[in-house]
Amino acid sequence: MTDTTLHITNKAPDHPRFRYCLSAFKEGDALILMEDAVLALTDQEQALPSTSYALSADAQARAVANRAPRQQLIDYNDFVQLTATYSRIINW
Amino acid sequence: MSTLIIIDQSPYGSWAGREALDMTFSLAAFDQPAALLFVGPGVHWLCQGQNADNLGQKSVEKNLSAASMFGVEDILADAGSCARYNLAIEHLISGTTLVESIRDTIAGYNQVVFAG
Amino acid sequence: MPDTLGYTFVITGAPWTTQAPQSALSVARAVLAAGHRIDRVFLYGEGVHLASSLASPPSDEHNWPHLWSAFLTEHEISAVACIASALRRGIVDPKEQARYELESSNLRSPFEIAGLGEWVEGNLKSDRVLYFHGAN
Amino acid sequence: MPDTLGYTFVITGAPWTTQAPQSALSVARAVLAAGHRIDRVFLYGEGVHLASSLASPPSDEHNWPHLWSAFLTEHEISAVACIASALRRGIVDPKEQARYELESSNLRSPFEIAGLGEWVEGNLKSDRVLYFHGAN
Amino acid sequence: MTDTTLHITNKAPDHPRFRYCLSAFKEGDALILMEDAVLALTDQEQALPSTSYALSADAQARAVANRAPRQQLIDYNDFVQLTATYSRIINW
Amino acid sequence: MSTLIIIDQSPYGSWAGREALDMTFSLAAFDQPAALLFVGPGVHWLCQGQNADNLGQKSVEKNLSAASMFGVEDILADAGSCARYNLAIEHLISGTTLVESIRDTIAGYNQVVFAG
């Protein structure tokens, strides 16, 4: 029951569920930011776990890709790879 | 394979919570272990004394009161959210269990699902 | 080489309201590209609008219901709109049209209408279930 | 005694997703009860689903599109679904059905399809404009 | 331009727009809470302006009516009366 | 009769912002004074360098850059929201004005409108 978990959220950082998602994060977990959640890459009010990834297509659309660390950006193939690696996934 | 369904929105203002209940009852109907966790404004689903007649909606209180009969294993409410909205356990429908940590709670389920 | 995994997709966000159908389509293409399988796409809540045959965006915009139905048809993927969600929101097939004595139907092929049991089945049979919600 | 005021209602939340059409109907009845006037109801964004003729909720639930159309007809109130919002979301009248060569139409009477100019006109002519949004 | 304003919101207290609404409130303004916003009546984290009203039907549905001050509850007729009194209305 | 349209959600994730833009341009087309205020995640509408090709959507940046030509009087961004997301004025499309107070800003308009 205490496997590691892949958390996926599409909520903007000021959405209440975004905070629930971060508060549920445990050591060994990973986080994918997609859609509006990629804004968290440059949010000065909230720190992200070190194993956080953001969908590049969403980050480029919202023009945060150029202001975020490159290593955090993933494409849809990486996204699928992560969902295959983690057997427990929560879509926040 | 136990599933936790989370409801984090007020009743009546949106339909997603009702659809989350439908998912929960559907799991139970197929003999799949299911539980409900209410957080944030969602804790108001559990309040006793709901009267939605003037909204033209059916009260959700009765559905929830019958949840255990339908095989829903646990009805959980986030204690911090209840405190924020000044709700004590005696305001809530019987059978509700308060939980202190969302993180610890969801760790006990294989699946964690939102309806929308 | 990794095992082939089976995925169920649950889409709860409507096109032209949320990004959910778009994100889901990009992920779906990547799932197949990685050699995995999509067992079923299940539309729930507002997501049922993706199955509308009447959506008519301007010609210089993507038509997400059309793109999705073409993808599903090409890859022979089962796609179901939840009956309770669909009927309330005015998405009906000819059978429900007859039952409710409605003047028309608007379910786009290859989507079918069925109950939440299909979602429960996905939970049990698929290796992964991914949800695509609205962002609000 | 207060003057009679003219109201425009703008509904942007869909039935069975938001409470907006329900709240708006309760307020609309109270507006008329107070002796005021409703110049027009304008459906925008997701609100256009209120104009669906195919919404088929269970028989023990209110049918909000039906209740609204009965109210509008009884009080002879103009009701417009924004054309850009409606076409993307699959709400079409026979004229748009013909133009887009669709297999059916689903606009409920007395709703009509028209442009945002009707909303601008409401802003200029009505004494009050009330918006009914979704809560999310 | 600086008339008093009737603010109307249907957003729950944890919604970002609820906070924008409160931050826009000026002396002489009034606030109507409807739909999910009536939960603010018992919210321990946020104080409301003294000229705040809540739709009774919504407060009864969510079972907060019995835990809130009676004088703040209004019906749809009162709601319309307030919209007639204030010429400037913002629906948050 | 001047109208301020407020956009408080990120671009691309929901459609309401595009419909808010349509309202703004529609007012301008009928020679009604209109202005835009971006707050919260909404300030990202104004970022330079948006590329939504991989989402299959059209960039909203061009629409906004043309707003003044279409008669939109002011394009305003909440300074606090820009600071939160680490956006300086040079990241934003030209013609954007930062405002310090939502309260003072909306006091200058007869009407204040959200699209959804």
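Each chain carries a letter (A, B, C, D, E and F) given by its place in the written order, and its residues are counted from 1.
Just so we're on the same page, contacts are C-beta pairs under 8 Å (C-beta built on N, C-alpha and C of every residue); 3 or more make two chains touch, one makes a residue touch a chain.
These numbers come from a predicted model, not from an experiment.
Student: Quick one: compare the interface residues of chain C with those of chain D and tell me same or different, with half as the dividing line.
Tutor: On the two sides of the chain D and chain C interface, the residue numbers are mostly the same, over half being shared.
Student: Among the chains, which is located farthest from chain B on the basis of C-alpha centroids?
Tutor: Following the centroid criterion, the farthest chain would be F.
Student: Quick check: how many Å separate the C-alpha centres of chain C and chain D?
Tutor: Each chain's C-alpha centroid was found; their separation is 27 Å.
Student: Per the centroid of Cα atoms for each chain, what is the distance between chain C and chain F, given in Å?
Tutor: Roughly 32 Å, centre to centre.
Student: Can you work out the whole-Å distance between the CA centroids of chain C and chain E?
Tutor: Centre-to-centre distance between chain C and chain E: 38 Å.
Student: Can you pull out the residues of chain E that are in contact with at least two other chains?
Tutor: Residues 10, 12, 14-16, 35-36, 57, 91 of chain E each touch two or more of the other chains.
Student: Where in chain B do residues touch two or more other chains at once?
Tutor: As it turns out, chain B has residues touching two or more other chains at 9-10, 12-16, 40, 54-55, 57, 111, 113-114.
Student: Using the touch rule from the top of the page, what residues of chain D touch 2 or more other chains?
Tutor: 16-17, 19, 26, 45-46, 129, 131, 133-136 - these are the residues of chain D that touch more than one other chain.
Student: Which residues of chain B touch chain C in the complex?
Tutor: On the chain B side, the touching residues are 1, 3, 15-16, 19, 22-23, 26-27, 30, 32, 111, 113-116.
Student: Per the contact definition, I'd like the list of chain D residues that touch chain E in the complex.
Tutor: 2, 5, 7, 19-20, 23, 26-27, 29-31, 33-34, 36, 127-133, 135-136
Student: Would you tell me which residues of chain E are touching chain D in their complex?
Tutor: 8, 10-12, 15, 34-37, 55, 57, 75-77, 79-81, 83-84, 87, 89, 91
Student: Quick check on the complex: what are the chain A residues that touch chain F?
Tutor: Going by the criterion above, the answer is residues 10, 12-14, 35-36, 39, 42-45, 56-58, 60-64, 66-67.
Student: Any idea which chain C residues touch chain D in the complex?
Tutor: The contact residues of chain C facing chain D are 14-17, 45-46, 49, 52-57, 61, 65, 87-92, 96, 100, 102-106, 134, 136.
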